[in-house]
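In the part that follows, the structures are each spelled out as structure tokens.
One chain, chain A, links the two complexes that follow: it is found with chain B in the first and with chain C in the second.
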Partner chain A sequence: MATPVSVLRLPKGPDPNSRGFDPRSPRFIALCRTSICTSAASEADPEQLQREQHARSVLRESFLRCLLSMTDKKVQFHMHEKVKVAATFGASDIDVLNFQVSNLHTPIGVQKEALIRCQDVISFTFDA
Partner chain B sequence: MAMRQTPLTCSGHTRPVVDLAFSGITPYGYFLISACKDGKPMLRQGDTGDWIGTFLGHKGAVWGATLNTDATKAATAAADFTAKVWDAVSGDEVLTLAHKHIVKTVNFTQDSNCLLTAGNDKLLRIFDLSNPEAAPQEIAGHTSAIKKALWCNDDKQILSAADDKTIRLWDRSSMEVVKTLTFDTSVSSMEYVADGEILVITYGKTIAFYNALSLDLIKSVEAPATINSASLHPEKDFFVAGGEDFKLYKFDYSSMEELESYKGHFGPVHCVRFSPDGELYASGSEDGTLRLWQTAVGKTYGLWKCVLPEDLGAENSEQLYTPAPEIKA
Partner chain C sequence: MQDDWSLLGPLQWIRYVNKRVTVTAGKDEERRGWLLTVDPVSASLVLVDFREDGGTSVHVVMGHAVEEVQVLEEADEEMAERLRTSFLPSSSCSLDPEELRRRRGGVRSWLQKNRVPVEEEGDELKVAEVLTIRAPYGPEDCCSSNQIILDRIQRLIQNLIQTDP
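Showing the complex of A and B:
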């Protein structure tokens, strides 16, 4: 009888908690841009570039202030797969890859402390 | 000593897998995308079948999926009347292209700048991805839903297969039909092999090979069962086919002889494709799984490990998983 070919292991299946595309994989690190590039129009025109840079710094500052003002507030997160969860916001990590939250309300109960993966988040809202 | 093929099963989809495509060979290996009726196309590492990510966003069954050559972009065609373009590294949706009916097929040009789409509204559409707001170019002619549309002849021409039992060759610049092939029955699949300009077509139990430029028949063969998809090995020594009897068939391309058949799927095989290096082929089935099959059974490649008789029982051998013989129902 013929011997079946041996395998080292079976192919890895999907992670039930994430949509994948691991940001720590070598391909992601090499190919994924972590910031938006300068627009083509700005590369040509120095004045346009200055205006674009100014707009970028205004937006960045605004985003960072938003994260600061969210501390200890109740935030609603809209995530992939129609997931809507609410939690008390703690802090973000430096690359905005994870949000540290407390009292995360989920359909299966309240999690005292949790980390929310930013790439799974579509949007979030809170009352300032 | 004869070795028996061990297919690798990739689970994760919850409904039939209807289409699959490989990327080219990239510095990070090659990749595989699968289209599924569950609406969630998946990206996998091509040589191992390991899941990398799921493209989330479609609101209906995904009928077609493709990757560009360097696997940086993906495109999908769905029953929600849209085609979507994705960043295949981050998994983010980049573009949604609205259509008037179910979209069945998507294909990138070699430079990834244009996307060809087609589906149940019987029109071929060409989208300029650098200017997605602009209306696409539309090519009319088919009288039924288009099943598959592909760029060919260095992206200068388009091949389309539709339920009107024809395959048409179109010129991209003039948008006119150059040649039409008519069949007695609907064509179930079409594969374009650029190197050698060969078109692989399946209809009924027939697997046929045509010259992609002239649409002249090169040769054909009948399989033991109705075939849904076939693929030619990059070196053109073999071709594989799968269909309604759940089996995968391997043929010699020169002699057109059936060499082997493999059982494994629990439902009809909808799609089968060789990897870009020809070392394996992937099949997608009604049973919701993808299976990877070795071209050279017993060779060490990917997750398959060649074990010589003297290695068995060695003290320092790695942990190996040898599947138990399958119980036949």
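Showing the complex of A and C:
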């Protein structure tokens, strides 16, 4: 006799023209406040805004270059409760919410492909 | 030292760049290294550690887990340069002007053949005012804020390289 199983509802998926989840979905509100707002001082002063945006772009560019150089490298992830896992890094989404990795070595076995939720990660290490 | 690392903002973060720092994260994790950059989106720190055996280890501490950042020392010029170049693409431009001119002409006529509006501006190529191709005019040298145009032009140049290496 089959027992009925409750339906698990997934959050509304990305809309085809955009780059992420529905901005009104609970998942989005909880996890994806994508852009960090400009500071109050910068909003009032255009020169300050210019400086802030310049700093932002310099920082972001070298972060993206770092992510690029990490592709296909062995990465050690340090997660909460002292969990350590190793995997081959693939990619990150633009908001740095998920990492795509291959050959994730977990305590119960190797997962061929996986997404790691960044909220669960404290830090990660690789050899450049 | 600071209330909340992830709320500091780019102008504060950039002041930590090129400094040796200790970052406390999570419950009892501590990481040390030269701060290369802070991602302005996730506030994550990139720490570089040049090991004695010549290798380089990189630690990335996620912004949400950061408890405290302490500055230990500032980088001298040599270290700052080493940090700056640590993730730059290795193939820097080393072609002679003649070869560059030939490549520029090749890419330009290939784009025109594909009905893409392209203009020469100095030693750069400009596509429809929104995309710039710098020397040595490969797919990785295209620069644009429009992802779709960037993707198309990069593919076109890729095709050119495949047919005529």
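Going forward, the second predicted complex is superposed on the first by the 94 of 128 C-alpha atoms of A that agree within 3 Å, B and C clash if a C-alpha of one lies under 4 Å from a C-alpha of the other, contacts with A are read in each partner's own complex, and residues count from 1 in each chain.
The rule is simple: a residue touches a chain if its C-beta (ideal position, glycine included) is under 8 Å from a C-beta of that chain, and two chains touch if they have at least 3 such contacts.
All of these numbers come straight from a predicted model, not from anything done at the bench.
Applying the stated contact rule after C-alpha superposition, one finds that A:H80 touches each of chain B and chain C. In the superposed pair of complexes, A:T3 makes contact with chain B only, with no contact to chain C. When the shared chain is aligned, no partner comes close enough to touch A:R24: not chain B, not chain C.
Of the two partner chains placed by the overlay, only chain C lies in contact with A:T125; chain B stays clear of it. Look at A:A55: by the touch rule set out above, it reaches chain C but stays clear of chain B.
After overlaying the two complexes on the shared chain, residue contacts for A:K112 are found with neither chain B nor chain C.
According to the touch criterion, the shared surface of chain A, contacted by chain B in one complex and chain C in the other, consists of residues 80, 119. Residues 1-6, 8-12, 28, 42-44, 48-56, 72, 87, 89-91, 292, 294, 297-298, 303-307, 318-323, 325 of chain B touch chain A in their complex. The part of chain C that touches chain A in the complex is made up of residues 6, 9-11, 13-14, 17, 25-26, 29, 31, 36-44, 46, 48, 55-62, 64-65, 86-89. Note for the complex: chain A touches chain C at residues 34-36, 38-39, 51-53, 55-56, 58-60, 62-63, 65-66, 68-70, 78, 80, 94-96, 118-119, 121-128. Contacts from chain A toward chain B in the complex involve residues 1-15, 19-23, 25-28, 30-32, 80-81, 119.
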